[in-house]
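So, here's a batch of structures to check.
The two complexes that follow have subunit A in common; it is paired with subunit B in the first and with subunit C in the second.
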Partner chain A sequence: MTVPLPKQAYPGRILPVTLPAGPGGTPVTVGGQNALSLAPEGEKPNAAAIGMEVRTGGGDLPPALAKAFECRATDPVSLAGACANDWGAQFLFLSLDGCHPDGGGQPVEEGARIVHEVLAAVSCPVIVGGCGEEETDAKLFPAVAESAGRPVFLSYADEKNYRLVGGAALAYGHGVVAWSPIDINMAKQANLLLSDLGVPPERILIDPLTGGLGYGLEYTYSIVERIRLAGLSGDAMLARPVLCHLGDAWKAREAVDASETSWGDAVLRGRRWEETTGWACLAAGADLLVFRHPGNVEAFREAAWR
Partner chain B sequence: MGDPGKGILRFLPESASVRLSPGDTVLAHAIRSLSPEDLRAGIRLACRCLPLEGEVAVTVLPESRPARLSAYIEGKEMAEDGPFLPLHVVPRKGIPLGAALDAGTSTLAGALIDLRNGSVLARTAADNPQMACGEDLISRIVFGEENPDGFPLLRNLLLTGIEQVISGLVRSSSVEGEIVEVSAAGNTVISHILYGLSPSPVRRPPHRPVLKEYPVKTGKDLGIVSAPSARFRIFPSIGGFVGGDIVSGILASGMHREEAVTLLYDVGTNGEVVLGNREFRIACSSSAGPAFEGGEVACGMRAYPGAIESVRIDPVRLTAEWTVIGGGKPAGVCGSGILDLCAELFRAGLIDRAGRFVPRGRAPFRETDRGTAFVVVRAERSATGADIVFTASDLKSVVRTKAALCAAADALLRAVGLPRDKVERVCIAGGFGNFLDLRSAQTLGVFPPFPMKKFVLLGNASLAGAIGAIRNRKRWEEACTLCSSTDYHDLSSDQGFMELYQRALFIPHTDAESYRGNPLPETAT
Partner chain C sequence: MALTALDIYKLLPKTNCKDCGFPTCLAFAMQMAAGKAGIDKCPPASEEAKAALGAASAPPLPRIVVGTGDRAVTLGDEVVLFRHEKTFYHPTAIAISVSDALGDEALEERLRSISALSFERVGQILAVDMVAVRFDSGDPARFAKTASASLARCGKPLLLSGTCAALAAAIREVGASRPLLRPPPGETAAGAALAAAEKLPLAVSARGIEGLAAALAAARAAGATELVADPKPADAAVAVADSIFIRRLAIVHRAQEIAYPTAFDLGQGFPRPFEAACLLLSKYASLLVLDTADPAEIFPLLTLRQNLFTDPQRPIQVDPGIYPIGKISPSSPVLITTNFSLTYFTVRSDVEAAKTPAYLLIAECDGMSVLTAWAAGKFTSESIAALLAESGISGKVDHRTLILPGMVARLSGKIEELSQWRVLVGPQESSALPSYLRRLPPAAFVPVHG
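So, the complex of A and B:
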């Protein structure tokens, strides 16, 4: 006698979102599923997309990244090319942290120019992140939105700056990443605010803030899962693809500190720290993962869970 | 305070502004509620001034006129027909009278009752003189602890206020008689102070009062000169922050006698919520803050003449139109006006769902030292001669207040595992409750999304309950059992409350679908 496995059917479905590519590139479509990521049931038309982050600011690289990037580290355009063409990133996350007053203080025009050059150099979809400093970002987003030659996603919009980012995205046809600080209610609020502004739902991604392993990852796991369950249960504002940016894994001392020899090789340790964080996010239900280490992109693209 | 022989400064209503000269001293924290223009003009809050030396000339500004008493004394009363309280003290002359008191944080209200037939002979209200020692209960406890003789002073101030109410009642009554029974409903702190106990334990965890039930004392024991032989029945408390005023409110709502589940809101300085029926009752204090009493809001004032009580925003010109209590030029905005103002700003698309201003078109916004502000009334049309503005920080405190009120009810429902649709009646008590525009309240999401027809406005339910207890002995006995049969739910230790609060920190609510019946804002263009 065969016992049928119980199957959970949800009333909702995650909205498919397409990140547009440049000429000759492959657009990335995520979402569209009607079940949890590890569950055997349901339809999962799109696998999670694996992207890489490129930063414009200088600063010291963790040992693991310094080894992987070699000489490309200082030039964001050539690093972007390597990510997309050599290392297999399906999309790029370009962080303009070089414009932060504490991170180099590049003028806004310089940030917009780098965006323009990167977009010309790669054909894959691109998400452009601000520098994180409110006043600079207020000038940066409109400048980027205007100078970007093709549609990108702008990251990020929260309840404070959503008018600015959402407005810039609407004016030039870009998408928006809606950010909230590991809080399901604030995630929904950010989406409601963007919807009120008129940003179409198929141009919004949810960034629930990803804590690194040992630095809040379990909170992120729980919130990603709850966002997904709410979306599948019919809450349209949360039925959207989730982006997990693994940059916080590189803020952990365990990932970067080479002085602690008893912890093992810092080069391997850093990569593993990011990888472990990534697996947890994928299991929780993330649709887009942003890595910094090229080796992890390869590992995750091969896994390709559906 | 100060030397009564020298100081001629008298206690004035909370929002009374006075001009002082010379030697005026103002406590620093009181300055926030006055605008810089006021301060430059030498205007100070009378309740916060101490005359240090010499004589002080006091001018009461026109906007600080007598109170709109009805806001604080009207309440729906239960029809009762005895048996009346037993008359332990036979009056020496005249007919036996009873007094019902509502000792609120900011207002003392009273009613005089003819004990022969239960009819209400007179009503009056006065400001609680303790306002001089702090607007909220915690700051009054702090005042009592930090000043030598602080608590005796607080008690004397309260007694002065009660004397004033009782003598006012007797004066305005056409019937000669003697007060033999008094029922007093007040929060735990005020009840403790009246009874001569220290309310300090209420301030500290686990927030338990010294006494929950107060044995009957006579007016002479308590030191009330105008009714020395009256027996004072102080309503028992449920917990540190859910006091006798709520017990009295439950009594007035009648929820403890009915099968139907009732939600009772007391929208006052604190905002207490009770859920229950005759089988069970659970109460909590939401610490909502006094934004709907006109507190914590720069342009806020109590519901006195000169206060804006309702507001409409012209959808085209985006300017405010208003009605003023008593007519004339406005001096500030009272609770119902603040609620209307926020709801109308939201409908006009000048506030977003996150509770932030969205300046657009020719809407009259301007920058102030308290952030962006919406100009409700221009200087030339206001009684104060300065713009009446509603600032970004005022908006924040209104949103926090409404979130706390909404989340408190949801927390109680969750604690007992009842869905919202099992609530059959939502009673709103408190002075604000009389004039509240329910449509505005639901636009902002002050209460969970109950259908309009379930709402009942009770007015001053605390006074109504106290009147009921004077009129009917059975009601008083019910009140005595309510304190032990009503559960106190501590929101500060409720794990899920912060999440409910975060959900409610949005207009109307993060769970926007439940509020779908509410009017949506006109989209900003």
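So, the complex of A and C:
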């Protein structure tokens, strides 16, 4: 008896995007595939890339991360070094949350200085994230774009700030992460706006907003699938690599609360909460995943077949 | 291959008599091709058409029920490849294994820990569904005893993995509970005969899709009809590929010979079982067997399952209305939020933590979070003012002060204009409610007169 192998071919292809590295570092290329993730079909020249988030803001670490980071937690530069050199991160996502008015309120210059130092300390590609506060970010992105010694990706540009972020990226040769709130039309719109501004397509990544496990993951899961299906069907504005930032997984009470003993050990549970979010995003089609737990970086990098 | 609407149309009477409830035969054919209508809805259809189209209108993935009563588990019976196309209906069943080689005490402890795998999230109970009993002892009587202890202790449907001799012994004890039988690959035909005689569902195991198709054919030939397919993958990569292909063969290609719910055993040394479980939950598995009973691993898996099997058109929601929390009195604070379950339960637990009795007013917002509902125009000054007037809350408290979620502070002025109520803007995150409520002066809730 022979069963036909139900392979599926698509007319479109995801545009390859390269995140540039520093001297001696390995650039990361994602995209380039013409098939859905996980099904053994089509061409998949690049595996999903696994990165780690480094934050400049303080704040209490969840038990799982406190254990994994040990003493390196407080200093972003040495944490960045550990992520890139010891824990196997292929790229870093440097969140300048320390500049947020509620998160320490570091001056913009301080944020830009940390970016500079991190870029000197690691040679892997870096995505620099703003602090999330509109007015501060409006100053932060241009400062970072100017002072970064080598090309990075700026995260993020949306419908409102795309001129500013896209402009800063264009002026200094950086890439841009196009962000939209779990909405395929808005994802497309953000890409259109950046294209109109002249940002080259091979310097744009899509961030569809990643809801953490139990807190909106299902919406993200379906939006990533829809973006990918649209891209493979030939919609060029959506045929771009998708980045899922798993930070929201750590906002869940279930990932951090050590007081509920019936939920099991909080150190393992926190790690699994992020890991589960990551596998679901990978299954949906994500091309770049940003973790905080070193053990998860290892687990995903070992799954070389992805 | 699936029939196209045109193939179906050719077999219909083409009279457009509308008895099926559709305006034309073609419209009906399109519904049938999409798997949304059956030929039984077209009374004038010829016998040949009924025979030819009956199979085409069967669900693309059969429905297999394991167990009995409220705890019965339904496997399969899905109609789409992507949840956004409609929804996934039958959550992947999770079975935790028990070895019959365990001593009495260890068995008792294992069954206790399986029963404890139950968690409450956003008003739903998330629990593992089945117990998978493994035949490791070599003694069928002991296998049977372990099966009946598992059933008695956990009350969940059973998956019985063992030789036909062991299965036969266990069926005498627990057959009435409709266990799923899983003989080893070498005993498919004998297992199928047993399943057919006992009218029980059967999991057929064979490596790879080709092998599986042959084994399923052998099982059918031996009379078994309620089948589950286990492609016995070597690792997570193969498992998820097999799972995707089997689902596509069922839904897209209507390849009935392989269109069955799938089962994967991720225990007994399967490499990276947690990774495989996450991927298979995301990609179509009907049943997973796990060796771990660690709540730190099971809780995230059950939460992923809850997320993916929520109807994308209908978020999990609670009924709108007035929810008293604690020992309320007419001077208790009144807080308002939306009827999205995640929002409601988050706010509720934070109010409970505050230990201040309060009324929680839940607005009908189609199950949207506060900001989403606001952005969608469902949580507005007008709708809130109307709720204050019509919900009956003014008969329950003698003050007129409302605490509004901090995220929608901008609504406060207009609400005050439209209603008799004074508005206090609460914190942005409800986790700050305990300290916020404690700091509020009682004068905030003095009675109003006249």
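Note that the second predicted complex is superposed on the first by the 300 of 306 C-alpha atoms of A that agree within 3 Å, B and C clash if a C-alpha of one lies under 4 Å from a C-alpha of the other, contacts with A are read in each partner's own complex, and residues count from 1 in each chain.
Basically, a contact is a pair of C-beta atoms (placed from the backbone, for glycine too) under 8 Å apart; a residue touches a chain by one contact, two chains touch by 3 or more.
Just so it is clear, the model here is predicted, and its values are computed rather than measured.
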{"item": "Superposed partners subunit B and subunit C on subunit A - clash or fit", "value": "fit"}
{"item": "Partner chain in contact with A:M186 - subunit B first, subunit C second, else both or neither", "value": "first"}
{"item": "Which of subunit B and subunit C A:A303 touches, first, second, both or neither", "value": "second"}
{"item": "After the two structures are overlaid on chain A, angle v-u-w for subunit B, subunit A, subunit C in degrees (C-alpha centres, nearest 10)", "value": "70"}
{"item": "Contacts of A:S259 with subunit B and subunit C, given as first, second, both or neither", "value": "neither"}
{"item": "Touch count on subunit A, higher of subunit B and subunit C", "value": "C"}
{"item": "Which of subunit B and subunit C A:E159 touches, first, second, both or neither", "value": "first"}
{"item": "Partner chain(s) touched by A:D196 [first = subunit B, second = subunit C, both, neither]", "value": "first"}
{"item": "Minimum C-alpha separation between subunit B and subunit C after superposing on chain A, in Å", "value": "7"}
{"item": "Contacts on subunit A seen with subunit B and repeated with subunit C across the two complexes", "value": "none"}
{"item": "Subunit A residues within the subunit B interface of the complex", "value": "159-160, 163, 183, 185-186, 188-189, 192-193, 196, 198, 235, 237"}
{"item": "Interfacial residue positions of subunit A with respect to subunit C in the complex", "value": "1-6, 8, 38-40, 213-215, 217-218, 221-222, 225-226, 229, 254, 262-266, 268-269, 272-273, 275-276, 279-280, 282-284, 299, 303, 305"}
{"item": "Complex contact set, residues of subunit B against subunit A", "value": "352-354, 356, 358, 499, 502-503, 506, 510, 512-513, 523"}
{"item": "Subunit A-touching residues of subunit C, taken from the complex the two chains share", "value": "82-84, 116, 119, 121, 209-210, 213-214, 217, 236-237, 240-241, 244-245, 248-249, 252-253, 255, 257-258, 272, 274-275, 278-279, 281-283, 294-301, 303-304, 306-308, 310, 312, 342"}
